[in-house]
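One chain, chain A, links the two complexes that follow: it is found with chain B in the first and with chain C in the second.
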Partner chain A sequence: MNSQNPLHTESRWRKYQKEIADDHYYYARSCIRQNFFPGSERAFLKIMREELNKDIFDDPRHTTCTGIAYHSDIVPQETTSTVIARHFALMTEMGYQNLAISCVTSFGLYTELLETWKHFPEEETKIHEMLWKATKREFVKPKNLAHSSDIFFHNREQIAAKSQFNLINQKTGESLKVVEHIGCHYAKIFPEKGVGGAEFPYVLAGMVESWGGNVVDYPERRHCCGFGFRNYLVMANRGYSVANSKKKFESMKPYEPDFIVANCPGCSMFMDRWQYTIAEMEGTTYGKNGYGIPVLTYEEMAGLVLGYNPWDLGLQMHQVSVEPLLDKMGIPYNPDEKYKVKRNVALPLKPEILMV
Partner chain B sequence: MSTLYGMLLTDVRFVEGLNACMNCGVCTAICPAAEFYNYDPRKLLNQVQLKDESIIEELLKSETIWYCGQCMSCKTRCPRGNTPAFVVQALRKLSVKLGFFVESEKGRQQFAIKRTVGENILKYGYCVHPEAVAPSMHPEQGPVWQWVHENAPSVMERLGASYQKQEAGTLRKIAIEDLDELQSIFDVTGGTEMFETIEKYSAQQAEKMKLEFNDQTPNEYFFNVYTEDNHNHQRNL
Partner chain C sequence: MTMKTIAIIGAGPAGMEASGSLARLGYHVVLIEKEATVGGHLKNLFQLFPDRRPGKEILTHLVQTIKHPGIQIKVNSEVSEVQKLDNSFALKINEETMNADAVLVTTGFDLYDATEKEEYGYGIYPNVITSADLEQMFHNGKVVTEEGKTPKRVAFIHCVGSRDEKAGNNYCSKVCCVTAVKQAIEIKELLPETEVFCYYMDIRMFGPYYEELYREAQEKWGVMFIRGKLSEASQNMDGSILMKAEDTLAGKPLRMNTDLMVLMAGMVPSASSKKVAQQFKMEEGQNRFFKSADNHYRYNESQQMGVFIAGACVAPMNITDTIANARAAAVKIDEYLKN
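So, the complex of A and B:
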């Protein structure tokens, strides 16, 4: 790691280093990640079990935490709290105390719930009673809450030791320039619960540096991707969402990033899809030669570093082509395999403007 | 408590979100919604802390409370530890409870969110599902998503998902017992009541607007609230 990096010399950063459990996790899946990046959740479990030898329980009884509905204000706080309490109960029943949470919105909500109960203990009593009335389940609060990226951060040097490829341009020998985006609810609500807090984002930056890349510190690094919950879910509001992503793209473009890596599944999807939308709406593209800037989840980034097949990781589900990045990293791939599935199906159509 | 302000005080998010705002405006400076919409969280907090019932009622019926994107950037920055986004959540909940949400274009959108994300939860066990992200409703998703949507079983099988299977794994089918538990939690905690309230006032509003309204999604009222934009919301238009 680079000791000259201002992130390390900044003493204020030191208070934003959280405790991350070493082993034995109950996995909380994400609505958006499993829908748009199913290969990422699969890769996470594979890396945890097969590369890092960790015990992680994938429970078929787990459900949404209702976070998207909660922040869109169609369900009350008590409903969301009790659904999360049910997850605590399932975790407790299976003998686990540590949560590995795949979604930044969920991570923010789980954290908010535990913090709320510290200030309003009567709320915790109420949720115990509601969960019992609804499901006859009881729960113990988790000992450790980690976003699943926290666990990769915690084990980044072990992953580096097993790497097949680095975040280095194989033609020039230079480190790849990486834009990282931690997602608002990872650290803006409770900065002390995120590695580096909201000001010194380091959960992804730590992985990038350990795996050979350089992080781009661009002006709008901390700006929201623009999800905005109801501002994306309702078609009439999507101008808000795309405008916020555009603000980030315009800000990062002069630094010519090789790729974007995002912490939050929503941010990963929006920064991929809005590049397509902006290209088709106004002809603007942010990568070179009419391509976009590839957007990866941290599981995809770790998978590529570990030498996994890009199409096993699900990179074919991205609208912005990842091939320019694979070429830079020197990762071999078979273009004919990209959209291959068992049944013979037509290939995706090509966008009119965005190069793919 | 019968006053609007008193009802807001029953919401812990309101208690936690507003102590004493000194009107410094840092929240507005950092707010993505304030940059895009005619929206000013500083002004909103100041209006609420006046405890004037008529001003609060006006807010509950306004477009203003629906602009916030819940990014929570204001929570990090407020030097007094306030969270305007928490106050917004409490205002929105009260607006729905009292049926005031149908008075504004942005408020009426709650119906579309309930019919999509809300119903996904109780049908699929998650807020999002490949069947539920229809390309016609989501043109921004692009041709690759259309390909995924049309070939979901094959694509998901290629990626090792447990799509539509009742087992552990990605995108599995959630067992009926687990969906029943979710429904029971909704019934006990007020989630079902909130859904019913959104439906009730939306049906009344559809009648006023002379738009078709039924159990099918989409219907005429759904399309109206999902797509209607009077172009008076944005800051720079």
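So, the complex of A and C:
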């Protein structure tokens, strides 16, 4: 007993081994990631197709799942269910059975819907009727539902085999210290649907370890990033949102993490952007020499490991500067190309406190 | 008349006490124990509540009880096959077959596997231990953290795996509250400067002098009792444990660091009970312990004629009640075999 390894018993690990389809996915994009971290989903598709030789269908007809509105009590459950049922119908029409979901909120919501139908089949019947009335579409439930981080976890060794860079500090030879943050809706609602369960999820930790890094187990590891929909969407609550992120940063700071990796669009966004906000509000920064702690999505992390150009991955869109991390990993980059744009537009001013 | 034989499965306190009682009544008893030594969980108990009597003292007494010419002890032994005959059972033990006119099942309990409460970090954070681990520390005469330091603060968490719907155990394990109080006092005696906290849902002091022990813990030893359940535990950089809980009396969430966190793991039906239940086609109650033929009048009788039950395989029970229950079972078996 008393091992630091969260997978302390074989039986527990088996309990949280979910089935992840190996190929032929219908991709459900996230609404917000494409704006926050625009290179991530593009990198995901490229890695899936070009590195892992997988068949994945990116459907322009796919829409929001309504998750943010649903969790803000703006959209009723029937509407959300019917919208998701339409996605199932689109997947069915394209001949796919495996759903790869980019967003943790969507993943939680799709899972919740399928679980609801398991216990209340009359609800499924109702949604079949509602979708037919609205769109004249029929759907078949997915055979396999996976978050896209599950799929990278599933293929982590194949990615490791193709790696150009490891999560290792090239100057010291030591493994990078990585904070992994799992979106609440990934496994806290249905622990058995997430790799590793709710308390010690292994989906990102598995990637980090396979690619050479060490996971930091800090006290507030499981704490919410603070997004929490209403916390952020209602302006009066935003202080609460920042306070939650701050709690995490304060807790992880003594461990001097080299970067944070998250699997949820909201978490990546808030852990990155709130560092700027806290710097402006309090003058506090959490990295070394006035820098912040870089925050990556798992696709960006995979992209760096595979040797992709950081600016092609969209790392220039991060609030917290990623250059200290790139330097540690020994990844070459051209600083002059960081903000190179096609159109002649003025760039935003540099922040005064948080170093970029 | 041939001497009648009773097979007793499990040589913990219940099995040992019943063996002695039945042997003294003139029966031939075969006491079957799967482990190498008799005594069950009692072997691991440093002191008993409420009088702080050494566990070893009771064990010695029970060992004396089973030193009787009418008792045959079979350690490292398990029943592998059961055949129901007209008025008896043919039992296969270690490739030998014996005939038993009656069977008493005293397969006791297992400790709840505290790793199931993943959010408490047992088996992950070295300074999260169970009450059984702490009892072992008392045996060794030293309570230290994983880092070898004297804990400045110790927190006990009541009801780990008991009264917990999520764990699938709705019942109260009865002995954990008073065990926590006893262990809290033992900590204070050993380490007077150490702060001790108990996090509880309700304090259930059901036995004689338990309430007095609880009062002593507060008044004499300054043990602090907080009504609230732990929500989760994490490890700080120095190996101490960050607890997140709620003080339901103050109505506030709280965070507290502790050097050692002790989980009061409850009782669950033993793996041996499961096996025996299948072999003898015995019924389980809703709580998965053995179901008595009648909760009031036939408590020690199972649903199977000739198969009796006693001790913590029937319900969570302390040592005192286990011994009394074993004697009651002996009387019932005597009545059964005489009629």
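The rule we apply is simple: the second predicted complex is superposed on the first by the 346 of 356 C-alpha atoms of A that agree within 3 Å, B and C clash if a C-alpha of one lies under 4 Å from a C-alpha of the other, contacts with A are read in each partner's own complex, and residues count from 1 in each chain.
Throughout what follows, contacts are C-beta pairs under 8 Å (C-beta built on N, C-alpha and C of every residue); 3 or more make two chains touch, one makes a residue touch a chain.
Because the structure is predicted, anything quoted here is derived from the model rather than measured.
Peer 1: Would you check which partner chain A:Pro219 touches, where first means chain B only, second means chain C only, and both and neither mean what they say?
Peer 2: The answer is second: A:Pro219 touches chain C but not chain B.
Peer 1: Which partner does A:Cys31 contact after superposing on A: first (chain B), second (chain C), both, neither?
Peer 2: first
Peer 1: Between chain B and chain C, which makes contact with more of the residues in chain A?
Peer 2: Result: the larger residue contact count on chain A belongs to B.
Peer 1: Once the structures are superposed on A, label A:Tyr255 by its partner contacts, choosing first (chain B), second (chain C), both or neither.
Peer 2: After superposition on chain A, A:Tyr255 lies in contact with chain C alone.
Peer 1: Which chain A residues lie in the overlap of the chain B contact set and the chain C contact set?
Peer 2: Residues 198, which sit in both footprints.
Peer 1: Can you check the complex and tell me which residues of chain C touch chain A?
Peer 2: 115, 118-119, 122-126, 146, 232, 234-237, 242
Peer 1: Taking the complex as given, what residues does chain A use to touch chain B?
Peer 2: Touch residues, chain A against chain B: 29, 31-32, 34-36, 38-39, 41-42, 58-61, 63-64, 66-69, 71-79, 81-83, 86, 108, 116, 119-120, 123, 130-131, 133-135, 184-185, 187-189, 191, 198, 223-224, 226-231, 233-240, 242-244, 273-274, 276-277, 311-312, 314, 316-319, 339-343, 345-351.
Peer 1: Considering the complex alone, what residue numbers of chain A touch chain C?
Peer 2: Chain A residues touching chain C: 1-4, 6, 8-9, 12, 197-200, 217-222, 254-255.
Peer 1: Show which residues of chain B lie in contact with chain A when the two form their complex.
Peer 2: Interface residues on chain B, with respect to chain A: 11-13, 16, 32-33, 36-37, 66, 69-73, 75-76, 89, 92-93, 96, 106, 109-110, 112-114, 116-118, 121, 125-130, 133, 137, 140-148, 150-151, 154-161, 166-172, 174-175, 178-179, 181-182, 184-191, 194-195, 198, 225-229, 234.
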